[in-house]
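For reference, the structures are reproduced in the following blocks.
Shared between the two complexes below is chain A, which has chain B as its partner in the first and chain C in the second.
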Partner chain A sequence: MKIAVVGAGPAGVRAVETLVAAGHRPVWIDEAPDGGGRIYQRPPPPLGRNAKTLYGFEAQRATALHDTLDAMKPHADWRPDTLVWHVRPGAKRLQTLHRGAQGAVEYDAVLLCTGAMDRVVPVPGWTLPGVTTMGAAQISLKTQGCGIGSRVAFLGSGPLLWLVAYQYAKAGADVVAVLDTTSFATKARAAPGLLRGGATFAKGLYYIGWLRAHGVRIAEGVTPLAIAGDATSGVTGLSWRDAAGRQAQVDCDAIGIGWGLRPEAQLADLAGIPFRFDDTQHNWVPERDIAGRTAVAGHYLAGDGAGIGGAEVAELAGTRAALALLQDAGAAVDIALAARLDRKLAAAWRFRVALERASPYPVHLAAGLPDDAILCRCEGLRVGELRAAAAEDYPAGRAPEMNRAKSFTRTGMGRCQGRVCGAAAAEILAAALGRPVTDIGRLRGQPPVKPIPIAAPAAEAVP
Partner chain B sequence: MTTACDVLIVGGGGAGCSAALHLAQRGQRVILLERGLVGSQASGVNYGGVRQQGRNPAELPIARRSHALWQRMPELVGNDIEFTVTGHLKLARDEAEEAELIAYLDVAREHGLALRMVGRNSLHLDYPWLGPKVVAGSFAAEDGSANPRLLSASLARAARAAGARIEEHTRVTGFAHDGALFRLTAEDGRAFTAPLLLNVAGYWGGAVAAAFGEPVPITPLSPNMAVTEPIPFFIEPNIGVVGGNVYLRQIPRGNVIIGGGHAENNADNDASGRPWARPLPEVTLEALGLAVAIVPSLAGVQVIRSWTGIDGQMPDRIPVIGPSGTTPGLFHAFGFSGHGFQLGPGVGAIMTELMLDGHTDVPLQPFRIGRWQSPA
Partner chain C sequence: MKLRRLRDADRPRIQLRLEGAALEAQAGDTLLTALLAGGAGYLRSSEFGDGPRAGFCLMGACQDCWVVVEGLGRVRACATLAEAGMKVKRG
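Moving on to the complex of A and B:
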């Protein structure tokens, strides 16, 4: 049986471990030069920073995952630095790109562990040099030992906001402000549910406490106004309105922004797996059962790419989806283990609901953006250009849903294919149409999942 | 609920929306029924070439008629659909292909289409970015390109403003004619009646014709398309090749659109009742290879998206246009075989004349629906 696993983050590692234990040798593909996923991305060997510095509380978990990753590589057809840019569910074939070379991988069953990326809301000035997503700011620090700036502000919401700010401060950056767009009241309402998360919740409190103790400026319930700066000098400052309506600002040379994560689910989409809108996460997610089975036979999902659950959940889900795959292939699996994982996953999802409620996607910020703010970085489109497509007098008629708005305005048609602007674009269009965001659909996935280069002409073509 | 009108149109592509506009402008009560949103298939997701060059001679009179409408788009629909006259440069990559270009010059002259043959030396002088494989070209100065995503929707909006009803998300499942009136039934139970019916349903036009007892040998066709990231503008003309295995154009904002080969599809309704089509990676890669042989500096440029849609192809690669052979009041215009985008606006005008006046200036004999039947 030909099995392919896409992704070598927490879900992919545990999935491959399970498959190898059952005697399989899967093709194992990761887009990055090494496994570990974004969360446990390792620095190149010469940097040699220790796990405790890199991963803090997560050091033990990270080390354990890396150990399994390295132990599994010889037991799999390990293909790092390889992008899967298309999948044909009927032909059961993955189209790959490895250092400029095209390739294809045939499979009988595939497990997609494609992870997540930052979810952003545009802020006027967000395309200035020096503005980075929170996740990218963290990766820069983790893998290159390099910060995004020396006077750094963080703006957003969710666990990553506090964690990254803490990591930057610990690494010696001057963290000039941590601005949470979620109000204290919203978080307080979610607190009872969060307590169920135990250690995770405690870690969050620790970071916030540490930042306060070290005199870092913190504000909650803020409304970002604008990022100041220009194209040559980059970011010079950030202004916002605080919860009481007072305007404030800070000078800085870099800003990390992020409002939680969104699944990198383009392959699931291209595989024809149905999607649903997850109200709690406020994301479109591919449909699967708790074990990772989907409506498309032979196609399984695990990890954040199947709905944001975080690294711990991803590890459980990776094992569970591999068991489901094996079970469906007729193998005898440890039923008790599967049942135990199901219970753990269900409990973890309950905590996740509380976490999401504590840092909801700021719909009001996206819908309230001024017309002249840049919405789509790739296409240089402004918010007003998308809003205009919701009007009856738009030259091509009103765009009643997201893909039609894309057709008319080019929103989501650039290099990122809407991965960056899509979430905010949906809120802007929905608000302009006066309809719930669930009604206007989602940008459909189109290959390539990420840009692929045109290869040079074959040698014989040149006389 | 049954709604009566003067003319029913099935299919909201370029031809259908243009017909809705032209019929409404002549005072007809028109209802257009479209399964999805207008311009969702062949008319909306094609390459965007607005080309007369290289067409089957039979199509040239329609293309000429359509060309006039393309030039008048701003007054017709209130926006220009990004129609740009860039010229169309059709290239030969060997002597046999060059001979084809030369042979077509006579055909073009007969139909008043101005073509200019460009020999190897001046070709590489005028277009220094062409690769060494290219040996000759034929330039059609009047041709150009437009934004397919805007055509049908803009025509539909103008049609609505002129009084037509455009019913989107209306899948017709029942077709009947009682001798005087057509009666179409939608999936949701709504019914529509009219003495005239225009079938402009693309690939699915074949099923409509079959419903009225005149099946045709139509097959689904899904041209495979890709587009690059924006790069500095340098490819001015719309580029084609003899044989048509690749075509490319650059829009002023910088993206290069590259077509060639065919994608996979399931045009007949699958279990979910929804047709689908999707680009094939190997076909995309082959087209990119052919493109970079013509324009070598495209090497290393990133492709950011690929797509396709569903058109209907006839065995002789020209559409079915004209009155039904079985049912009075029924008219067809479908099966544009992958090159109907330019023709759409003109076809709408021609069908309006045919339906309301009983005749049109454009010769339609080659397109008759009965052409596959052996003479009785």
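Moving on to the complex of A and C:
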């Protein structure tokens, strides 16, 4: 049986471990030069790899995952540095690109563990050099030992806001402000549910407490106004309105922004797996059952690419989806283990609901962006251009849903394919049409899921 | 944008060229780190006239850190390791 696993983050590693234990040798693909995913990405040598420094509270978990990752590589057909840019579910074939050469991988069953990226809301000025995602700020520190600037502000909401600010301050960066767009009241309402999360909740409180104790400027319930700067200097400051409506600002040379994560689910989309709008996460997610099975036979999902659950959940889901795959192939699997994983996953998702309630996607910020703010970084499209497509008098006729708006305005047609602007664009269009965001559809995935050279040569041998 | 080296900041030095000018980086730097810690300020100019860019996601998804390396062509600066002698142009 030909099995392919796409992704070598927490979900992919545990999936491959389970498949190898059952006697399989899967093709194992990751776009990065090494596994670990974004969360447990290792710095390239000669940077240090002290797990405690790099991963903090998660050091043990990271080390355990790396040990399994490295132990599994010889037991799989390990293909790092390889982009899967298309899935053809009918032919059961992955189209790949490795160092400029095209390839293909045939499979009987595929497990997609494609991870997530930051979910952002544009802020006027956000294309200035010095503004990155929260995840980018963390990756820069973790894998390159670099802060994104010398005086850094963080703006957004969710666990990563506090974690990254804490990591920066601990590393000796000058963290000039941590600005949470969620109000204290919203978080307080979610607190009872969060207590179920035990250690996760406690860690969050620890980071916030540490930052307060070290005198870091913190504000909650803020409304970002603009990022100041110019083409020569990049970012020079950030202004916002505080919870009481007063205007405030801080001088800084770099800003990390992020409002949670969104699944990197383009391959699931191309595989024909149906999507649903997850109200709690406020994301479109590919449909799967708790074990990772989908409506398309032979196609399984695990990890954040199948809905944001975080690294711990991804490990459980990776094991569980591999068991489902084996079960469906007629193998005898440890039923008790599968049942135990199902229970753990169900509990983890309940906690996730509380976490999402504590840091909801700020619909009002996206919908309220000024017309002249840049929406699409790829093509410099402005918010007003998308809004215009929703107007009754739009020359081509009103765009009633995202993909029509895409063809009219090019929103989401740029080289990132709407990964960056898509979430905000949907809110802007929905608000302009006066309809719920669930009614206006989602940007469909298109091959290639990432830009590839037009003249990429075929690899010499396709196994 | 100037990255600030906070950890492991004393690695072996490597020399690159950016638009013909010498630029010092450290072994293990990505091109993005090499350029933005080395004083390049930005990586590319938007083709749509809205100014300079210096990357955004650092995980190979946003495509906002494209630069051109002699012999390699267009690459994502965040996903490409800097190597001694590389000749880089802004994207």
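Heads up, the rule we're going with is that the second predicted complex is superposed on the first by the 454 of 463 C-alpha atoms of A that agree within 3 Å, B and C clash if a C-alpha of one lies under 4 Å from a C-alpha of the other, contacts with A are read in each partner's own complex, and residues count from 1 in each chain.
In this text, a residue touches a chain if its C-beta (ideal position, glycine included) is under 8 Å from a C-beta of that chain, and two chains touch if they have at least 3 such contacts.
Only a predicted model underlies this, so the values are computations on that prediction, with no experimental measurement involved.
*Asks:* Should chain B and chain C be called a clash or a fit once both complexes are overlaid on chain A?
*Replies:* With chain A as the common anchor, chain B and chain C both fit in the superposed model.
*Asks:* Return first, second, both or neither, reflecting whether A:L128 touches chain B, chain C, both chains, or no partner chain.
*Replies:* In the superposition, A:L128 contacts chain C only.
*Asks:* Please indicate which partner A:R404 is in contact with in the superposed arrangement: first for chain B, second for chain C, both, or neither.
*Replies:* The first partner, chain B, only.
*Asks:* Just checking: does A:R415 make contact with chain B only, chain C only, both, or neither of them? Give me first, second, both or neither.
*Replies:* So A:R415 meets both chain B and chain C here.
*Asks:* Where does A:P453 make contact in the superposed view: on chain B (first), on chain C (second), on both, or on neither?
*Replies:* both
*Asks:* Does the superposition put A:G145 against chain B (first), chain C (second), both, or neither?
*Replies:* second
*Asks:* Determine, under the contact definition given at the top, whether A:A165 touches first (chain B), second (chain C), both, or neither.
*Replies:* neither
*Asks:* Contact-wise, after the overlay, does A:T53 reach chain B, chain C, both or neither (first, second, both, neither)?
*Replies:* The answer is second: A:T53 touches chain C but not chain B.
*Asks:* Which one hits more chain A residues, chain B or chain C?
*Replies:* For chain A, the partner with the higher number of touched residues is C.
*Asks:* With the two structures laid over each other on chain A, which partner does A:H86 touch: chain B (first), chain C (second), both, or neither?
*Replies:* In the superposed model, A:H86 contacts chain B only, not chain C.
*Asks:* Classify the contacts of A:V235 with the two partner chains as first (chain B alone), second (chain C alone), both, or neither.
*Replies:* In the superposition, A:V235 touches chain C alone.
*Asks:* Put down the vertex angle at chain A formed with chain B and chain C, C-alpha centres only, nearest 10°.
*Replies:* 90
*Asks:* Between chain B and chain C, what is the tightest CA to CA spacing in Å in the combined model?
*Replies:* Superposed model gives a least chain B-chain C C-alpha distance of 6 Å.
*Asks:* Once the two structures are fitted together, what part of chain A is touched by chain B and by chain C alike?
*Replies:* Shared contact residues on chain A (touching chain B in one complex, chain C in the other): 414-415, 451, 453.
*Asks:* Going by the contact rule at the top, pick out the chain C residues touching chain A in the complex.
*Replies:* Those in contact with chain A are residues 1-9, 11-12, 27-30, 33, 37, 41-43, 46-64, 73-74, 78-79, 81.
*Asks:* Enumerate the contact residues on chain B facing chain A in the complex.
*Replies:* Residues 37, 44, 77-79, 131-133, 149-150, 153-154, 156-157, 160, 228-229, 264, 278-282, 284-285, 288-289, 291-293, 296, 298-307.
*Asks:* With touch defined as at the start, can you tell me which chain A residues reach chain C in the complex?
*Replies:* 31-32, 38, 43-48, 53, 117-118, 127-133, 135-136, 139-141, 144-150, 171-173, 231-232, 234-235, 253-254, 264, 374, 377-380, 414-416, 419-420, 450-451, 453
*Asks:* So in the complex, which bits of chain A are touching chain B?
*Replies:* 85-86, 88, 90, 95, 102, 104, 270, 395-397, 400-401, 404, 407-408, 413-415, 417, 446-448, 451-458, 461-463
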